[in-house]
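You will see two complexes here that share chain A, one where it goes with chain B and one where it goes with chain C.
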Partner chain A sequence: MEVEVRVFSGLEKFVPGAGPGKALLVQVPEGATGRELIAQLQIPSDQIFTMFVNGRHALPEQVLQPGDRVALFPPIGGG
Partner chain B sequence: MARLLRVDMTRREVKFTDVPEKYALLGGRALTSRIVADEVPPTCDPLGRFNKLVFAPGLLSGTNAPSSGRLSVGGKSPLTGGIKEANAGGITSQKLANLGIKAIVIEGKPAGEGWFLLKITPAGAELLDAGDLAGKGTYEVTAICRERYGSKVGVITIGPAGEMLLAAAGVTNNDPDGNSSRYAGRGGLGAVMGARRLKAIVVDSPKTFDAPVKDPEKFKAAAKKFTAILRKHPVTGEGLPNFGTSVLINVINEAGALPTRNFSAGRFARAQAVSGEKLAETAVARGGKATHACHPGCVMRCSNVYPLPDGKVCAPIEYESDWALGPNLEIGDLDVVGRLNYICNDVGLDTIETGVTLGVLMEAGVIPFGDGEAAIKALEEVGRGTYLGRIIGSGAAVAGKVFGVTRVPAVKGQGLPAYDPRACKGIGVTYATSPMGADHTSGYAVATNILKVGGYVDPLKPDGQVDLSRNLQIATAALDSTGLCLFVAFAVLDDPEGLPAIVEMINAQYGTQLTLDDVTELGKQILRTEREFNRQAGFTKEHDRLPEFFALEELPPHNTVFDIKGEELDQVYNF
Partner chain C sequence: MLSAEQLIRYKRNILLAGCGEAGQERLLAGKVLLIGAGGLGSPAAYYLAAAGVGGLGLIDPDVVELSNLQRQILHNTGDLGRPKVDSAREKLLALNPDLKIEAVAGAFTRENAAALIARYDFVIDCTDNFPARYLLNEVCVRSGRPFVYGGVLAYAGQAMTIVPGRGPCLRCIFREAPGEGAPTTGQVGVLGAVPGVIGAIQATEAVKYLLGAGELLTGRLLTFDALTMTFFEAKVQRDPDCPVCGRKQSGGIA
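Here is the complex of A and B:
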């Protein structure tokens, strides 16, 4: 199945073809979790501070659905 | 011995007075709000002779405590009609503390049309004629003062918006490079300064880090510990130094909480074009800086230097300004955002209020959404004092009334910052209930709702938001009294050693035995003081509400409304 992935704030350096915020269509096995997606993208897991799936916070064990919009962030803050 | 500097604009007299015992352990917001509550009649006209403008460095400002150079500015707000503390970075807070000045209290107003400059040096203070500075933008005023009084001076000033007494006018001061861009922006305190005919305050201090400390060894150890805590936390140690505040554009956008097109959607299709990543890339490519400290001794260095195509430099473009003048207006061009930001800085306007006001004008059809050139042209009218310019400088609530707009995102007359309360409900509670009007900094629930700092409370649900906002508002009021940058809270919320290290620094500096409970009590006391001032000014709990459209109009993509009831909001103050 296919999910739409965006990586931000420096994480793009781990993912060939990624630009910050650029939507990447990624093929993952049915039932793949967020953690498995991150491993497949070869992003070191300690670099990920926040994962959103469809705009909601998700835990690494969340099972992804076809067409999910996944966003990955390192630690950031501001305001 | 620290002193108060009292400036009587009516008699044109300055005098130093002893600090009353009851103010000895107050600083920053605790002190400005206490003095305003003690000395300003709550029902007075904010622009009249009875209002006062108070400047106070924080308790730790002017020492080696990391990131402790924040300046509090207080008074009765012409924008909200309530008490106001606006808080700025820049270099003057540390200088004031090193001159032994605990607060400057500007009172009265002179007869006549003259303008004045307050000059403060180690030798004393004097009021000088500033007729030649009147009408000038803040960048030029700052450059002239640095030329005249030395390149190391701190310059607090207002722009033409403050001189025109516009309710969205801010008070600025400069960073170490002389950029007059560090604003105590919110609530119209620039107009309060303008009403006193005070154009600028020049602060000349040869020292930055030498404010007196009772127990230097203990202080040094505590400051070192606190620095390590900031460096260790992923947000204060990596996120902020690497990307600055505008990095939030993408994460708030992904969370569906980035107010777009005057708070009608939670995602902006061109967010990436105004993101912190894009900002850093463009700034560096043009010879600017992706990371920069707004005052000496900051370890987070979250500011930036963004060169504009016309040769001017906007330093910095911060997240709130970026959002207000970008996505909120459907403008996806950082050069336009930077230009609008620069004009705000120069003419002397709060960027958040100005962006929200331009959004309301776009809603009204006065300017088309997304039309950057039209927005720039309209904003340039403020400095010329045209009718449209004066409406823009008067804030979102006034603009909404003038043009009959009902989607006006404001609480107590103050425009909402960069997080939609329907998709980040904790911050909605803060917007509704803060004595300051809609203010994200007074209880930054975004940290816990979206950034997952200090735990996690689901941003889309009403549960837990009132408790979250209450606790943050109490802690923030105390923190705003220390002179520490609010961003230290990212580390303090997660690291149990953080708050004790702050208390250790204060105890070492003042020879006190304060406990963590004392700090919480200080925060509560500040909020009670501010709320009581507002009550006497005519505010009721019914003013602690969001505009009704937030409960009626669903916000895409989550299609949620703000569904925290009035009686629940009232529970914020049950302490």
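Here is the complex of A and C:
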């Protein structure tokens, strides 16, 4: 199944073809979780601070559905 | 009633649709608290002072260090070793003697947070760590105070405005503090103009809130990437399971 993934704020360096906020269509197995998507994208898990699925905060174990919009952010914590 | 001098000083504000003399009087009566007087606090406080937001609060435990001057534009080389809030207060009053400034040279803690925030209309998150942001978020949600989050790292920045009861809070979208391996500006750097952009956005939100003008950045996480010069907005929703504002919280407001 296909999900739409956007990575932000430096995470794009881990994902070939990604740009900040650029939508990428990614094929994942049926029943894949957020954590499995992150592993498939080869983004180190300690770089992920928050994941949104369809605009709502999601836990890594959330099972993805076809067409889900996934956004991944690192911690942007400086001031 | 604005003085003759104030009518000139604030003329470019007064000309704005949505401001006028009445709006300027609201700004002069407004009180905004900045938690942190560094990279974000410098531009945010400068713009609020220039706009004539009459009551500013600054709290920061640190002294000015040489490595701060690359981005913390309230402080000069001659301020090295001074408390940041003292240096900031001096610059802001030199810019605008109309202001009343409360400067607290200390940490923002669970002990002082609620009393400090209760004295202000709006709060600006200029902190450099998530535990302080979570405390700010919790106290603001419980007391119904609006605030604007800001964060920067390397070439990236983020901002979102939290109005308790209207849209998500910070813990709705950033559930757990980052792990030990998470990068910091001390490790990967930060371009000075990036907190300049985000701090200016934060000051804009505070002024809009005081004026009641426009649409606040609620329910929209704005991200800025300086390398590609891209702004992107992620629409975000309130989480019913949020540990701070969710429906299961006795102190929640769902």
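Keep in mind that, in the parts below, the second predicted complex is superposed on the first by the 76 of 79 C-alpha atoms of A that agree within 3 Å, B and C clash if a C-alpha of one lies under 4 Å from a C-alpha of the other, contacts with A are read in each partner's own complex, and residues count from 1 in each chain.
Here, contacts are C-beta pairs under 8 Å (C-beta built on N, C-alpha and C of every residue); 3 or more make two chains touch, one makes a residue touch a chain.
Model, not experiment: these values are computed from the prediction.
Chemist: Figure out whether A:Pro75 sits in contact with chain B (first) or chain C (second), or with both, or with neither.
Modeler: both
Chemist: I'd like to know which partner A:Gly21 touches here: chain B for first, chain C for second, both or neither.
Modeler: A:Gly21 sits against chain B and chain C alike.
Chemist: Mind working out whether A:Gln40 is in touch with chain B, chain C, both or neither, as first, second, both or neither?
Modeler: After superposing on A, A:Gln40 lies clear of both chain B and chain C.
Chemist: In the overlay, answer first, second, both or neither for which of chain B and chain C A:Phe8 touches.
Modeler: both
Chemist: Taking the contacts chain A makes with chain B in one complex and with chain C in the other, which residues are shared?
Modeler: Of chain A, residues 6, 8-10, 20-21, 49-50, 52, 55-57, 71, 73-79 contact chain B in one complex and chain C in the other.
Chemist: With touch defined as at the start, can you tell me which chain B residues reach chain A in the complex?
Modeler: Those in contact with chain A are residues 234-236, 238-240, 242-248, 250-251, 254-256, 267, 271-272, 275-278, 302, 318-320, 423, 440-441, 444, 446-447, 451-453, 456, 458, 460, 486-487, 490, 557-558.
Chemist: Can you list the chain C residues touching chain A in their complex?
Modeler: Spelled out, the residues of chain C in touch with chain A are 36, 38-41, 125-130, 133, 150-158, 172-175, 178-185, 190, 195, 221, 223, 225, 227-228, 230, 232, 234-237, 239.
Chemist: Could you please specify the touching residues of chain A with respect to chain B in the complex?
Modeler: Residues 6, 8-10, 20-22, 49-50, 52, 54-57, 71, 73-79.
Chemist: Going by the contact rule at the top, pick out the chain A residues touching chain C in the complex.
Modeler: 6, 8-10, 19-21, 44, 46-47, 49-50, 52, 55-57, 59, 71, 73-79
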